[in-house]
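Listed after this line are the structures, all set down as structure tokens.
One chain, chain A, links the two complexes that follow: it is found with chain B in the first and with chain C in the second.
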Partner chain A sequence: MPEKKVLRWLADSENQIPEALRPWAAQQGFEWVAFQSGDTPAPVLLIFSPVWNGQQYLSIEGVWAKYLAKDYPDTQLIVVGNQDTQDTNFVDVLQIQERFAAILEAAPAAIRFATAMPVFTGGMDMGERMKRFLKGHGNESMAAICQEIYFNLSPGRDALKNQPHLVQRIIEAINDPSVKNNWGTLASRWINYQPFFGYLPFYTIFEEIRLLMECLRPWFEDSDASMENIEGWFSVVLPDLKRLESLLKKLEEYVQ
Partner chain B sequence: MQQKKKEAEKRLMIIVWKWRHINNDTLPLPVGSDTDMVQVNGREYQWLMRYDPEDIEQSIDQIRQIIKNDYPAYKVQLFLHLNHNYEPGHVEQINASGANGKPPDNCILFGNRDHLYIHHANSPLGLLASNGNMEGNFSGNIISAVEKINEKNVIKSTHFDNVWNHYHHRIKLEAYQLKEDFIRVLWPASLSTSAPDPTVLASILHRLSTYADKIQQNASADALTFSLGKAEEERSQTNFYGSDIVPLFISLSSAIRDFIAKEPDIQLSKPAMEPLREAFHNLLNALPENTYA
Partner chain C sequence: MSNSRYNALYIDDEAPARKLLLLAFSEQFDFDLAQTVEQMDLYLDSGKRFDLVLLDLELEKGSGDLIGLRLIRPILAKRPGLPVVVITKDEDASTLKTAQDAGAAAFLLKSKYDLAEWTETFEKAIKTGILNQIQDKLQRLATLGSAFVGEVAPIIEIKKTLEAVSKSPTTPLLIMGETGTGKEVAAKYLHSKSARRIKPLIPVNLSSIPAAQLEIKLFGAVKGASSEALREVEGVFREANGGILLLDEIGDINQDIQIKLLRFLEDRKIRPVGSDRDIQLDIQIIAATHRNLPELVRQGLFREDLHQRLKAVTITLPPLRERKEDIPRLFQYYFGGYGVKEYFSPEVWQQLSEYNWPGNVRELRNTVQAMWLQQLIQEKHIIDVACLPEEIRHYDPTRAYLQSGADIDLLHLPRLHALALLNMQYIEGAMRVKNKVKHDVAEMLGFKSADSLLYDIKTCFRDFPELFEMEDTFPTIKAGYPQIFK
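So, the complex of A and B:
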């Protein structure tokens, strides 16, 4: 018996179209599998875009295309959208039964999207949203803000070891309003943008960012640095900030 | 190589509101004045004009003159508060064609209900509090739309952008969401062998029908007057789009009517859905802004 071709599809949980297409997919000999976060997208990934996050329609195809081009360049990405547009990697949802076989046969691998963009489905452009999250509107890059807090604090770690009499000055430096302002910028941007990230391919990165932000929040918001907790600032806050910065930089690689 | 900085669009938001009358202690109008200009932080050509006229009939002409003479190159959004006794007739007056002044690009009549996006009570990035201030409460947090930079009061750009974009994008957004929603409901129903949920079908058909009615009632030859919110009194008239856009709204309305007139089993077919979707696309493709801000 010939092996069934696996088609993984990604859609929001309220979209009933993929399930309605299941009998057609079975008839065509496809194994029709809902994509779960953590799955490997290869060899074929269908994205039903835009996705509904409960408040907005999000066009996620651009971010996925860049991600696949970088990490899974051999995967075939096929965007299933609600418009009559011709493209090698796009199929009109109303025409999927008639056109899909030909599209699947000819769709170039995702490496194409290293230098091109997929058909835009007209909702909130998540590529732009990711850029705004990471880079802000000017010189407000999340990673740079993180780095600024880190560099403000890191000289203190060495002083703590070598010059314990400077501890009070280190504490004052940590409690400087500029450090908390920077943290406030990080925290509010994360809170504002997090609801848009549910259907993007960076689930594990976002989850780690979420945990780090939760861990860091009380240090900046609940109390000031003091003689009692100064060790924690260097053993917990600094490494967490460094990790956060590296995760943000990792994300930047996908939204240049 | 140094990149030339892109100049921000020239924007003027005029809010006619009870600035002088109620507890306005965050940023009071100058003593003896019924208007002032507050710059948006970091934006050379973006301003909020606060205006609290004594005579609303005169104010119509004054606003048109200000737009024509002082801000001819600006995109202008005008918010008229209902508690000043402005009503839809004033919106029509302010948008009337003629040599006497210039109408705004978008005119919104707001007030009386507390669900408006411009209010802090409904948006963490709003501009107004119900007590007349620019500082208000959102989910228990005090939020201010004003900040002091170099001893000068300015509007926070995020708040200005948020309100501006919300009212600018709302018309396209409504059409886009309806286009997506009707396919998401009807197309799976047409693929399924079991009977579709009549409540769900009725709901989307009702939305389409209501939208067609709204277009039919509000599209005149050269402008559109749309209710933006749930409250009947919250209305706007927009000139963001040229008169070439109005026929596309009317075509969409006709396509909706044709679709609704079809038998239910025909509605659940591709040949019935495609022309309606095409009418949506023709309109959406002609509206230049992004669907979402």
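So, the complex of A and C:
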């Protein structure tokens, strides 16, 4: 018996269409699999876009296209939208049953999107949204803010190690509002943008960022540096900040 | 590099957030913080010594403009040679190049912060900066004019006199003073104030010209007048016509020249060698000497009448040791106006202030040069005692005073020296009266025994040896206790 071709599809949880298409897909000999975070998107990924996040429609296809072009260049990306547009990697949801076989046959691999963009599906452009999250509104990038906080804190480790008698001044310096202001920028931007990231391909990265932000938050928001926790600022906060910065920089690679 | 601390100016609008960075480097550095360009200018315009500038390129965060890049040149214009280390998060190669082209000494990335590596970078930059700064200072010193620096009362009086004489352009002036006190500088001061300043001031060191050539050098000669004048010689008098002629070391000229000079002072005429015609000239004469002219007159070596003509207005430049308040001003002048004490360790300043400067201002100027060279050779970021010339480093003002041959004034001595001197004079007197019989001396002065007396003298010799180095001091004690002094 020939192996069935696996088609992974991604849609928002309120979208009934993918399930409605399951019989058709079975009839066509496809293994019709809902994409779960952590799954490999290959060999074919269908994205039903825009997606509804409970507040608004988000066009996620651009971010996915760049991601696949970089990490899964051989994968076929097929955007399923609600418009009558001709493109090798796009199919109108109303025509999917008639045209899908031809599209699947002809759709180029995702490497195409290293230099091109898929058909825009009309929701909030998550590519732009990601850019704003990472780069800010003409201000400092998230990674740069993170680096700035790290730069402001990390010499304290040397100061404490080489001049332990300065411990009180080190504590006072950590508690300087200018250090926390930077944290505030980082935290508020995360809080504002995080709800939009649910259907993007970087689930594991976002999840790790979420955990790191949760771990770091109490250090900056709930208590001041003190004799009791001073070591933790350097043994916990600094490595977490470094990891956070590297994750943010990794995201920047997909959103240029 | 030496172990003393460095002064660094940290320019960053987010300086308060960098407190930990400053603490990490606080073992070696004292920081001043400038958060704005205005504050930066204030620090750079102050006299404060800086060994290093740390410049954050991202001044005015969020502007997206690397303002710091535009500050490097102005900083170096204000403080040539001062190392500017830029700190940035911008990893762009073009930023690095722009900073280097502007003269940045080093380029550090915030993401690569490492205490040891940054310390090494700072020290290297400071070392190179000192080299550049000293080269710059030496160059400046070589081309520095000779301002008449001094604000003590005698110098102010002298300046007033010079200004008065400058308004009387035919009055001769006699400048007395030890070697190096600035006789030529005083002459230049007068020249600068005089209506004659548009004409030359010609200084001639009379002692440096062989006697046989002096007449021709001064008054000129017609062609073929002598083997020294194969062609016509103009002579410095004619060169100085309309201006001022400084005749330095006037005490060293022979009687023949003295007569010719006297003649000029009387009728303003000279006659070149071999000529039969007088030439009328308009020159103001300044004569200078470090010698005691009245004494030379008494010895018959200098003409009384010439002395009388020259001394109508006489100034005596005080030796530097008699105007020590001016020493900081002179250093300030040679250092180019910066807060000079900041460039010295405190001990150096003490030594420089106590030294008696036998070579006067000239010696001070040479000392500045020597100290900078030693600073360079020894790779010191400030001038410490090891950079001082030996005679200053080992100068002991008390010993110098005691050996000066002057009558000892106890008030010129440190208290313990004065007490020891009195004590030894007391014992010396008793030794003389008791004809060096030690028991008798001890009894007379109330010592428990002769051993106690011996111990007292030994202790004094150990603690104040300079008291015994004076010629003819305590001859009876020395004769009575030769074992101590051998």
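To be clear about the criterion, the second predicted complex is superposed on the first by the 256 of 256 C-alpha atoms of A that agree within 3 Å, B and C clash if a C-alpha of one lies under 4 Å from a C-alpha of the other, contacts with A are read in each partner's own complex, and residues count from 1 in each chain.
In this text, a contact is a pair of C-beta atoms (placed from the backbone, for glycine too) under 8 Å apart; a residue touches a chain by one contact, two chains touch by 3 or more.
These numbers were taken from a predicted model, which means no experiment stands behind them.
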{"item": "Contacts of A:V93 with chain B and chain C, given as first, second, both or neither", "value": "first"}
{"item": "Interface residues of chain A shared between complexes with chain B and chain C", "value": "none"}
{"item": "Residue ranges of chain C in contact with chain A within the complex", "value": "14, 16-21, 23-27, 61-62, 64, 89, 110-111, 113, 115"}
{"item": "Residues of chain A touching chain B in the complex", "value": "14-17, 19-21, 23-24, 50, 52, 56-57, 82-84, 93-94, 122-125, 137"}
{"item": "Sites on chain B touched by chain A in the complex", "value": "157, 176-177, 179-180, 183-184, 187-189, 191-193, 270, 273-274, 277-278, 281, 284, 290-292"}
{"item": "Residue numbers on chain A that touch chain C, as the complex places them", "value": "138-140, 144, 147-148, 151-156, 158-159, 162-163, 166, 169-170, 172-174, 176, 178-179, 182"}
